[in-house]
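You will see two complexes here that share subunit A, one where it goes with subunit B and one where it goes with subunit C.
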Partner chain A sequence: MLDGRGLIRRRAGARLWLSGLWLALFVLAAVLAPLISPQDPLAQDLMLERLPPAWMAGSEPGYWLGTDSLGRDVLTRIIYGAQVALAVALVAGLATCLIGSALGLVAGFYRGWADRIISRIVDIWMAFPPVLFAILLIAVLGTGLSSVILAIVIIDWTRFCRVVRAETLNQSKMDYVHSAKVAGFTRLRTLLSEILPNVLPTIVALLTLEMGIAIIVEAILSFVNLSISTDQSTWGGMIAEGRTSIHQAWWVLVFPLIALFFTVLSFAQFGEGLRERFDPVLR
Partner chain B sequence: MLLLRLTLSRLLTTLITLVGVAVIVFVVIRVVPGNPIAMMLPPGASAADIDRLKALYGLDKSIAEQFLIWFGNVLHGDFGTSITTRQPVLSLVLDRLPATLELSIMALVIAVIIGVTLAILGTRLRGRKAEAGIDVANGIGLSVPDFLWGLALILLFGVIWPVFQISGRVSPRLELPFTSQFYLFESIVRLRFDLTADLLSHMFMPALALALPLAAIISQLLKQSLKETVNLDYSVLARTKGYSETRVILSEALPNSILPTLTLVGVQFTFLIGGTIIVERLFSYEGLGNMAIDAVINRDLPLIQGIVILFAILFTFVNLAVDMTYAFLNPKLRHA
Partner chain C sequence: MADTIFQVSDLRVDVPDMTRKPLFGAAPRLEILKGVSFDIARGTVLGIVGGSGSGKTTLGRTLVRLVEPSAGRLLFDGQDITHLSDADMRALRPRIQMIFQDPMSSLNPRLTVGRTIAAPLGAGAGDPRVKAALEQVGLPAAFARRYPHELSGGQRQRVGIARAIAMRPDFILADEIVSGLDVSSQAQVLMLLEQLVVELGLTLVFISHDLSVIRRLCSRVIVLRSGEIVEDAATADLFERPQHAYTRELLDAIPIPDPSVRW
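Let's turn to the complex of A and B:
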């Protein structure tokens, strides 16, 4: 018989393994894209337009998941699309995390004016619908990978700031913070060497979640044709194309959607699994 | 007394937030590249024409001046004129608002029904495999956003098993006798259930896409607090009286677990409203969100401003209402 904690741990284990495996595949696909892709992602051939996947009648060898309306290979474009998704997840995720967490730590630990100003800005930010905010920023910044990343950072830092601020506030009331003060630690040292390590598990869980969210935001922007140039393969761009030809060629929509679905799900589950594994209360 | 002070201070911060939103939207929009004036004029317009049009839209003054004029007008309910349609922004926006409100409320209702049902089931079947199944479903529901649910639903119920409409708000061939934009509400009041059915068949898929993440949150939180209350004294007492387990959950535990879930639902409702923007796009549903994306693509600055402000008002007031409800229902604050 498993007791409650054993059950949680076993489920967290399966969760970590499954999501970790998918994420490893995702990173490998992105890094090795030029080596493993069966076709050229941009090669258009109208003779090969809307070929069905390999197991259906009318398919061509070498086009495993079929082709889109311009005759481009779907599998190849999914693999190249992983490059954009990975870049957005890493750069936007980390930058959002650093800025949001730093502001959250400052607001929660130093309180006073810094807290009041930061919290007021967070309130204003929360009053914007995020998708509209993102589209608006792209209209201002122009399209392109760096604009997309910048827009995500500008919008999503509040997610870290709010949670880290609340967690820092909680930690600041703990005995060990008082002990650090008695021991003559400076305020900054208390924050960095005493409080930060205790807030870190929360930050890591949020970071993996944010990486998934960043990929979704990029896909949404690609979907409304406001992300990266349409030549480049992106999952969102493929989905937008697939949405329009859904009755003629469902595979153009389905396969990038599956890639996006599992990647986003895995990022969220991986973070949750990590938190469960390293949470001292559950352990 | 405390409650009054709390209300006033929350009202004040809400106003500050809204003014902040107005300032930011105004500044961001003024940096948009692509001159909207140039797009409105025929080729070969003279410099004098351009200046005249700039003066007409007040674009010849400094940004601070422009802001004060615009903000003064907004306070009088004048949001300017849309550049693409040349109609007043306020009437355009208010025309689309009912479609988005109906969609959001429908999504909220679906989310509550699914969430509460799963929570009760999960509590009733606690410790069994079914509960683990509900937990996994909750985890997936939480991690996958409305945009992806929308696409998955289009595939499932629009293409593979086409039982629902996947595009638009109402079938274009239908004659609509409506005098307001609240189509669903009006179709019910007028007893035109044929129209109600058509509207629902269009609305169900986008509403479900918006509802699933929220349903997962409700289910998870409510189940957690139900599982705590079914072990409390009054539940144990009810059981010794011979109440069935289902009845203990429904009549003893549920009323005592609703409050924390209720406040969370309020906060999450604003996220749901924000989600309508892309979901409406996905299903070509003619609401505010769809109009917002078109406005950005067309660089229709006055319209963008109007829509963002309206969304901000909606968000802040839902939050305000949630906070106030919580304060009124919380005995510690009520009797202070």
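Let's turn to the complex of A and C:
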């Protein structure tokens, strides 16, 4: 067929492999942080403050990406920061996805009072500006990793709920749903074995997007010092510190930003790549 | 009567007419079927014709209980199914099957053909009944691994037929099943259907607005106009001695395939 599927597949291949490679590095760095880090993430040494990256004049061996204003190794702190980012992406992403998608499927398929209640709650939720909402929640829940994750789930489940509900509604109008009834399927079986496979590509795309968003939200909260205690290294915290010394030591700001940027981008691209690779309708 | 599979008496379907709903209070009812009565004899092919919007699809979907009647009585094999609950209806589902007009929408796009046919049987895609059903509709067994978008329109419609007959039903409803196909696949699908009806001893209701197709396939025809039956006759009688002006109008609208032949 002359429909460019070959082209899509080749692009999808590159997309999937490049983003997958970065995410694999990210996960490995987080899991193996104590083994692969060149330095101790918290070791301060005023003799070593603001060392430039290894390829610049005045660098010290072993400090590949330089040090910050307290003499802590930037590469090591980025690697440890990946732990927090990974935990947030996985736990907050999956929990948000499960809760939002389940409610969206129920609302879109069963309609009636369940839909009215769920849609009303979503409407109310959407009226809050998300960043303010997050800061408010942290104020109530207290700082710390689990509060950050909880706040993300509480705020962002509506993103899944809205999209999944709309898609479920669309799918429920298709004749294959009537056909399932003629085949004698129960409503629940129709939802799980007929409709869910058709909504799943949307859910996966949203999930990978959400994982990136969760990392950004954590970084923003770290940036305004509402996330995790300051001795734990987080990308957002590093960016906040780096901002103050941008003229003396740009590398403290730039390298965590690059790590954040590529990780968030890779999550989104990975989701898109998975869809193009594994969705039978696009393949 | 033992050889009557469906008995329909004074069947009515109405829906709330949202276009005329007042600001407060209930919407007026829009009558789609205004009391239709007829029987379907076992092992026969009944045609339902009528103009667009006459209620053919609604009537068909009421027979298979995708639409709930608002009044009247519907007997299947002597059992009253007019208001049978979904749960009780499930026991009868395998015996009452349907082939849909649009096979693109009625086949799940993300399930393989094999799974689509096997799932209602409670079997896996490798079940021998899947292969048998595919062969009966003239498709190679390897098609079980394909997805609907990898098939042609005619092949898709054959899969729709295979799914229906795999259940070994007594009754099949076919609603405009060839109207989306080109002329040559239409002829093939119709030939297949004709042959299956005989082979499997099926009772078939065939909905179409194409009278030449009805003439070929059906032994009896019901003519529907705005939710009412205007004529109910054996096919030969209907074509030779149409009783109702509306039927004559429909007959006159058939394009004559060969200009030298006159009706």
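In the analysis below, the second predicted complex is superposed on the first by the 277 of 283 C-alpha atoms of A that agree within 3 Å, B and C clash if a C-alpha of one lies under 4 Å from a C-alpha of the other, contacts with A are read in each partner's own complex, and residues count from 1 in each chain.
The working rule: a residue touches a chain if its C-beta (ideal position, glycine included) is under 8 Å from a C-beta of that chain, and two chains touch if they have at least 3 such contacts.
Bear in mind the structure is a predicted one, so any value in this text is a computation, not a measurement.
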After lining both complexes up on subunit A, report clash or fit for subunit B versus subunit C. fit
Could you look at A:G212 and tell me whether it touches subunit B, subunit C, both or neither (first, second, both, neither)? first
A:N198 in the overlay: touching subunit B, subunit C, both, or neither? Say first, second, both or neither. second
Comparing subunit C with subunit B, which touches more residues belonging to subunit A? B
Partner chain in contact with A:D123 - subunit B first, subunit C second, else both or neither: first
So, does A:V264 touch the first partner subunit B, the second partner subunit C, both, or neither? first
Is A:V182 contacted by the first partner subunit B, the second partner subunit C, both or neither? second
Can you report the vertex angle at subunit A, computed from the C-alpha centres of the three chains with subunit B and subunit C as the arms, to the nearest 10 degrees? 90
Superposition result for subunit B with subunit C: lowest C-alpha separation, Å, rounded to 9
Taking the stated contact definition, name every residue in subunit A that is touched by subunit B in one complex and by subunit C in the other, in rising order. none
Given the complex, residues on subunit A that touch subunit C span 174-176, 178-179, 181-187, 193-194, 197-198, 200, 279-281
Under the stated contact criterion, what part of subunit A meets subunit B in this complex? 11, 15, 120-121, 123-124, 126-132, 135-137, 139-140, 142, 212-213, 216, 219-220, 223-224, 226, 239, 243, 246-247, 250, 253-254, 257, 260-261, 264-265, 267-269, 272
Can you list the subunit B residues touching subunit A in their complex? 13, 16-18, 20-21, 24, 28-29, 31-33, 132, 135, 139-140, 142-145, 147-148, 151-152, 154-155, 158-159, 270, 273-275, 277-278, 281-282, 289, 292-293, 296-297, 299, 304, 307-308, 311-312, 315-316
Taking the complex as given, what residues does subunit C use to touch subunit A? 64, 66, 86, 90, 93-94, 96-98, 100-102, 105-112, 119-120, 147, 149, 163, 167
